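Got a structure for you, questions after.
Just so it is clear, A, B, C and D label the chains in written order, and each chain counts residues from 1 on its own.
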């Protein structure tokens, strides 16, 4: 099984190549078969690899397969090599499995769209790049996957290229993430120069030997890698691109902007955890950024009208939780939340996609309503997803993962009550906006006829993801509820275990009661505000501060406005005024003076013989004068 | 009969005559006067040659004078022919009239 | 012993000065002849009798006569005199005068700094000149003859009055 | 002798093409295509046997050499030699030569024979530059490639081609003269030191002279190469020359002429005056970084497609300059890779721009837009090379740029960080270009037909090269490794005596751990 490791990323790339070259000639059926098939087979392979990995764990806890040396310049020898250990196995499984489900969903969702083969080519390229990123054995190959997913997100956001708005949203996404990538690149340079290698495992060992805890280099390296992670995972301050990324087709949002790509930053930090442990200030920064982002995104999600933008802000918020977990050192909790989040967020997006399809591409929730009876399956699966997102107690996966994070943000060594409080407030906000979305779309009076019902192929993924977002949570039962931490034991073979302060079990139980009460309260508040007395909410929004707050939150805390004023407009201005290259003026100036002197000198050619005689005389006088002076 | 004239005085005389010829060329607008002044200058330079030739007792000075004479003769003949044509063309001997060759 | 040289020099200078400043062309021409004769005398005094003779014969005789012909042909004697008057207003003289004064000054400065010892000016007999002329300078003589031929042809060709055709009235 | 053939074939091919112009237009095209194709085959043959016939000449990785007296009196010899670096660039010349002949198949209508004559003679001049080891011969070829290029732009160019051609000529000629002065200065300095009057590069290598004079001579060389490279302040001829040149002219200009500048830096400017180059390197690196950012910002602002691509070349060549003056193993290899990949990717972009101009008779980005629906294949190819120019990992340019940045980081952190921000602006301009040309609302009137079979074959070939270098650059790296080690060693600012010893450099190294 070990030797087939390279097939997992290779298959989607092969799918991309086939579809890119022959796509135009294939029928939709053929394209769907190749597109979904390649990801499906690599999913199967991943599962097989997982099984053989778990049943007969390899000695070092990891498999390495080197295909060829990528660049060979004296000490700089990165290789195209894949490295499978517990962490990357979890990531691969989630990416391939959820990826396959979304591909399946997309075969019907995108049917009779004129760029059908192009869509699946890009999707396969994305899955291939994501798998390369996850399985990369050295940072340069990881960077290749990193940029590859960024490219695919650009291609897929701008998929419907006829509308220029999609194009600019796509460019915004790629450029903002590219800023993060530039920081990460500098991090790579720093690491290579100081540690002499890019291989992740070697970096981990060398860093812990050479760099003392909190040394300048460690902080710099960690901060730069964090920069890359912020860009890709849409955290403060580089989060403005994700809401606009909803311009892409819904399966894209489900796969890229919910399940896989946006969590690449989480994977990077988890993978290079030694660097972050060596740089406590940076780890604290991760926690604080996580907490701040989850609050900001929560508030923004409250005010959105477009169903996909609500989910986008919710994704930013949930990743904020993962960053919080990473920040406080609960590595396995972050990965666990990543897994459960992948399930229920993908489910919510696919559900939203079904709703949008039914509503003939209507995105505004306030124009939908009462779809409960029209789309029963979609409704129930959507409800399960929402429940899991807002972490309804005991029954949903979201509860176990989010509760774990909140618990560790309280109890772990570098956790703090403030972080916990922020997390809790975030949980409240989450359940309010989630159920606001549910009530607005599925309850209340029907405003529009439901057009196209989701077909069988679309409902299978919905149901599967719904099941997963319920049972997914049972993989990690906390001490108080069955004490079966299967997931964290598995992942902690790679990631360092949490350094909890050894709180009593009762404290943990009390904490769980508080979080479940908060999530239920959120549901009730949403019920009150958006189902019963809608007038009350309109009244609240009508007040002056209300309107100001609403505008602020709606625009994502005006980050876009600030960036536009501070960075984008000046850049355009500089580019515009210097369009034809002021350096050129210097050379044109030389040419002009040349002409000027030509004019002046030609005046001396007056044609009068006597003037010439005068000139000759003057010349002789000067020459003789010089001769006289010199001798 | 050989005079003990200091060699430099001869040259100074040549220089003075040359200067006068030069001033003539520059000042006069009538072409005939310009030609005359050129003749004066030629003569002055011939004088200088002869003076220095006699100073070192070499015939070269005089030979150079002969060449200058030949050149002056040819130059005057052609020059005057041109002056005649110019006169027919412009009906005046003003040197500044013929200034069509200007930049 | 050197008196005649200085007298001739002064006469030459004055007559040349007159040549340059006269308004009437004929007067200028005659002064020039005087100047040439005085220079011929200087040549004679300097021990170059052959050249002195040549000066008188060719320079004063032939070239000046040529000038006389041209002046007569163009009859520019008196009536161009007053035209000369407004051409020769004093301030025209200023520029060139300054220039030539500076030039003359430089020449004199250079010459005066040389050691002014008088040398016995040796006589160079026409025989020596003849030998040298047809010795090393034979090429020069041939060239001079060709130059004269060219001058002849040029003068003849340009001098013809009509039948040249083709040249445009201004 | 094969080197002489390399140069002689395009020369005769060009002449033949011009003579055959009487007949129909197709004949000259086939003749010049055949000539340059033979050249490419020769280059491949050389590459095949590269490892075995190593170090024919003392001091390193020369593996083919032709030497004969030309003007013995002045010490000028007809000395051509090839090492890994010049082999790569000669292959690039032949490859882009084929592409430029192929892409002007339908574009050039009048005076086809003379066009191909100029094209072939420029290519011969460029190959001569890459092979010449005698400074006088190098200057001869430097001029030889300049004049036909001037005719290419002046006769077959677009609107104000005369202005562009003259500007190009003056810029290059003036700086060329500075270089000539520097060559002569070196010639006499060497003569004074060793009494031997020679222009031969290998002898001139060791001349030691007082620092001020060395710096002056180095600057003489440097200005010529910085104008050709287009480094920041001296680059303004490039956009005009590119906008007005015919497609083949642009491909040659961007793909090859810029490389002669970089090659000159690598071969002549730095090794001949190692200490002066070392002292000058901070300034040069600052110029490089300025070039990267300045080129990128200006590329972003352009309205004319070819002008935009021209400014991207200024930005990419900034990386090469940064690599050259960082002067360590990584940076130099990066610079070589960047040269090769930039040649191919920018050449392709120009062929695309030319094809677009042939179809919609304009280069104005305002008129384009929504072309993807009309010409999907052209869109895909344009997108590919746009991504190559922004340095997407997995493609060749990324390898070049990152090796340069890795190398430059060792020398100066600040420069590298600023250069890395250049990557972000690079993303901006290339995505902006792709957006304005291919995406956006579909227009009715310019309905360009999609790429034909000929064009698609060319593009596929170039894409293959870029991806091959992107994923498996070791073939290129090992070829240029020997040459770069020699250069680094000869400029290692070590004592002249030590440099004279013939360090036997194994031409081919083992295939890596």
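The criterion applied here is as follows: a contact is a pair of C-beta atoms (placed from the backbone, for glycine too) under 8 Å apart; a residue touches a chain by one contact, two chains touch by 3 or more.
Small disclaimer: the values here were computed from a predicted structure and weren't measured.
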| item | value |
| --- | --- |
| Chain whose averaged C-alpha position falls nearest the assembly-wide average | D |
| Between chain D and chain A, distance of the C-alpha-averaged centres to the nearest whole Å | 38 |
| Distance between the centres, which are taken as Cα means, of chain D and chain B, whole angstrom | 64 |
| Gap in Å, rounded to a whole number, between the CA centres of chain D and chain C | 69 |
| Distance between chain centroids, defined by C-alpha means - chain B, chain C (Å) | 5 |
| Chain D, residues touching no fewer than two other chains | none |
| Interface hub residues of chain A, defined as touching at least two other chains | 614, 617 |
| Sequence positions of chain C contacting 2 or more other chains | 95-96, 99-100, 103, 107 |
| Touching chain combinations (by label order) | A-B, A-C, A-D, B-C |
| Of chain B, residues touching chain C in the complex | 1-13, 15-24, 26-30, 32-33, 35-37, 39-40, 43, 46-47, 50-51, 53-55, 57-63, 65-67, 69-78, 80-85, 87-90, 93, 100 |
| In the complex with chain B, residue positions of chain C that touch it | 1-2, 4-6, 9, 12-13, 16-17, 19-20, 25, 28-29, 32, 35-36, 39, 42-43, 45-48, 50-51, 54-55, 58-59, 62-63, 66-67, 69-71, 73-74, 76, 80, 84, 87-88, 92-93, 95-97, 99-101, 103-104, 107-108, 111-112, 114, 116-124, 128-129, 131-133, 137, 140, 144-145, 147-148, 150-152, 154-159, 161, 167, 169-170 |
| Of chain A, residues touching chain C in the complex | 614, 617-618, 620-621, 624-625, 627-628 |
| Contacting residues of chain A [partner chain B, same complex] | 602-610, 613-614, 617 |
| List of chain C residues in touch with chain A within their complex | 95-96, 99-100, 102-103, 106-107, 109-110 |
